[in-house]
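Right, I'll just put the structure down here and ask away after.
Chains here go by letter, A, B, C and D, matching the order in which they are written, and residues are numbered from 1 within each.
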Amino acid sequence: MIECRTELRVRYAETDMMGVVYHANFLAWFEVGRTELLRQHGLPYRTLEDGGYRLPVLEAQAKYLRPALYDDMVVITTRLLDKPTVRIRLDYEVHARGQLLATGSTTHAFINAQGEPVKPPAAFSVRMNELFAAPGGG
Amino acid sequence: MIECRTELRVRYAETDMMGVVYHANFLAWFEVGRTELLRQHGLPYRTLEDGGYRLPVLEAQAKYLRPALYDDMVVITTRLLDKPTVRIRLDYEVHARGQLLATGSTTHAFINAQGEPVKPPAAFSVRMNELFAAPGGG
Amino acid sequence: MIECRTELRVRYAETDMMGVVYHANFLAWFEVGRTELLRQHGLPYRTLEDGGYRLPVLEAQAKYLRPALYDDMVVITTRLLDKPTVRIRLDYEVHARGQLLATGSTTHAFINAQGEPVKPPAAFSVRMNELFAAPGGG
Amino acid sequence: MIECRTELRVRYAETDMMGVVYHANFLAWFEVGRTELLRQHGLPYRTLEDGGYRLPVLEAQAKYLRPALYDDMVVITTRLLDKPTVRIRLDYEVHARGQLLATGSTTHAFINAQGEPVKPPAAFSVRMNELFAAPGGG
């Protein structure tokens, strides 16, 4: 498993008239989380796109347990639990004020600039093999 | 089952650098869909809020099959398949260019202005009883 | 002068915790207005982009007189007061509930797909010459 | 004059199909800038709202010189050039990649929770008097 923690401050723009963060914005926070996870593990997403790859969202889901509030410092924990195959699944937790606010997941697959499904870039596969190598393994 | 179809035009603001609509915006479109479903069935959400009720999202999920493009006329089909109990589940389909672009669902429960879970407002329950009355029934 | 009126329904996603529409969203509404103005006058923006042109915003400004509220039917009036030269200026008014909510303007110039300033596409210039021809002819 | 520099990382969600940040998002960044300016000078905006005050935007304008790109580290410089009176004007600069991307300004005035214009809260006025006291003065 690889994991990444990212912090962000809740913006006024992200709230709605219920006085809390609008639920769809958590999906944008998940994106912030996976961007940082990729960067911290040597695979900045901008470089992947510059190489002609795209990693669109195929599925997304979220459960909302407690509201996020304006000006909260929110911690997004992003986890890649399993070594990616054709599909890449990421799991997320959002915490603030010492509490779990939401959980979620997204599933992705690589496409090329024409929108056709493609195998992951070699650099991505090599890095994932390193990260998910059995610690006791040869 | 009750159902509602709503149309909207995709805005440039809703696209991202992949050249398609950013995935989180589908959740905002689902909200447009359920707002219209409630209005068409005599339960405008603004009236519910004016009465002190809120209907936050507890869970949301979406599957993305094909991209939505700038300037597309998108049709959102919103369905309430089952009579709501404490939880209200809505299902969504998004079509454009004669194709299914995405499906999704959200789950909701009523809270009061203090954020505490409450029973649905009486007008809501009465209307749901009418809408989901057995068609063969007296 | 050419003019276009467009209606839209205010989304919950567009509100903030002040209970009104977040001010930046008016700029997205201005974009809806100018998209419709171009379409109504035979110059759909998507066609301009397909032809390799982009029309980015160089300047934007807005004055906020009264709040826009959730579920309001908002009318955006977009005006091209002067025949475009290298710069294209559009003016906007936003009304709802019989009142003027906001005014604004944006200024644009054509660039190509590489981001370099270019002359307007020929179809655009021809159409503008028609639209701004002296009503008395010749 | 008081000044504040804030950094943020550009999100994919903030880009549009032109491949750059959608122009309206700069207004949300200006909000991030003024939130931090207020906090750094002992006047967190959340505290102002908790005290029953709101500080809506009356006017906003922006000039866009160069695009902001996905994953850029953007620096927002927020300046309060003049001691606020009934109106509060803030000026902004947005830099990235060693270049000025955009400038802008917003104008604000205090209202109460009912939306009526009010004088600034006493804590705000006292602090502004301190910050804008003549440096040579007693």
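Throughout what follows, contacts are C-beta pairs under 8 Å (C-beta built on N, C-alpha and C of every residue); 3 or more make two chains touch, one makes a residue touch a chain.
Remember, predicted model here, so these are calculated numbers, not experimental data.
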Label of the chain whose CA centroid is most distant from the centroid of chain C: A
B-C against A-B, pair bridged by the larger set of C-beta contacts: A-B
Chain centre separation (chain A, chain B; CA means) in Å: 25
Geometric centre distance via CA averages, chain D-chain B, whole Å: 35
Chain centre separation (chain B, chain C; CA means) in Å: 29
Two or more partner chains touched - positions in chain D: 12-13, 17-18, 20, 22, 24, 28, 31, 49, 70
Residue ranges of chain C touching chain A (in the complex, touch as defined): 12-13, 15-20, 22, 24, 70
List of chain D residues in touch with chain C within their complex: 17-18, 20, 22-25, 27-28, 31, 49, 54, 56-64, 67, 115
Chain C residues within the chain B interface of the complex: 9, 11-13, 28, 31-32, 35, 44-46, 49, 70-71
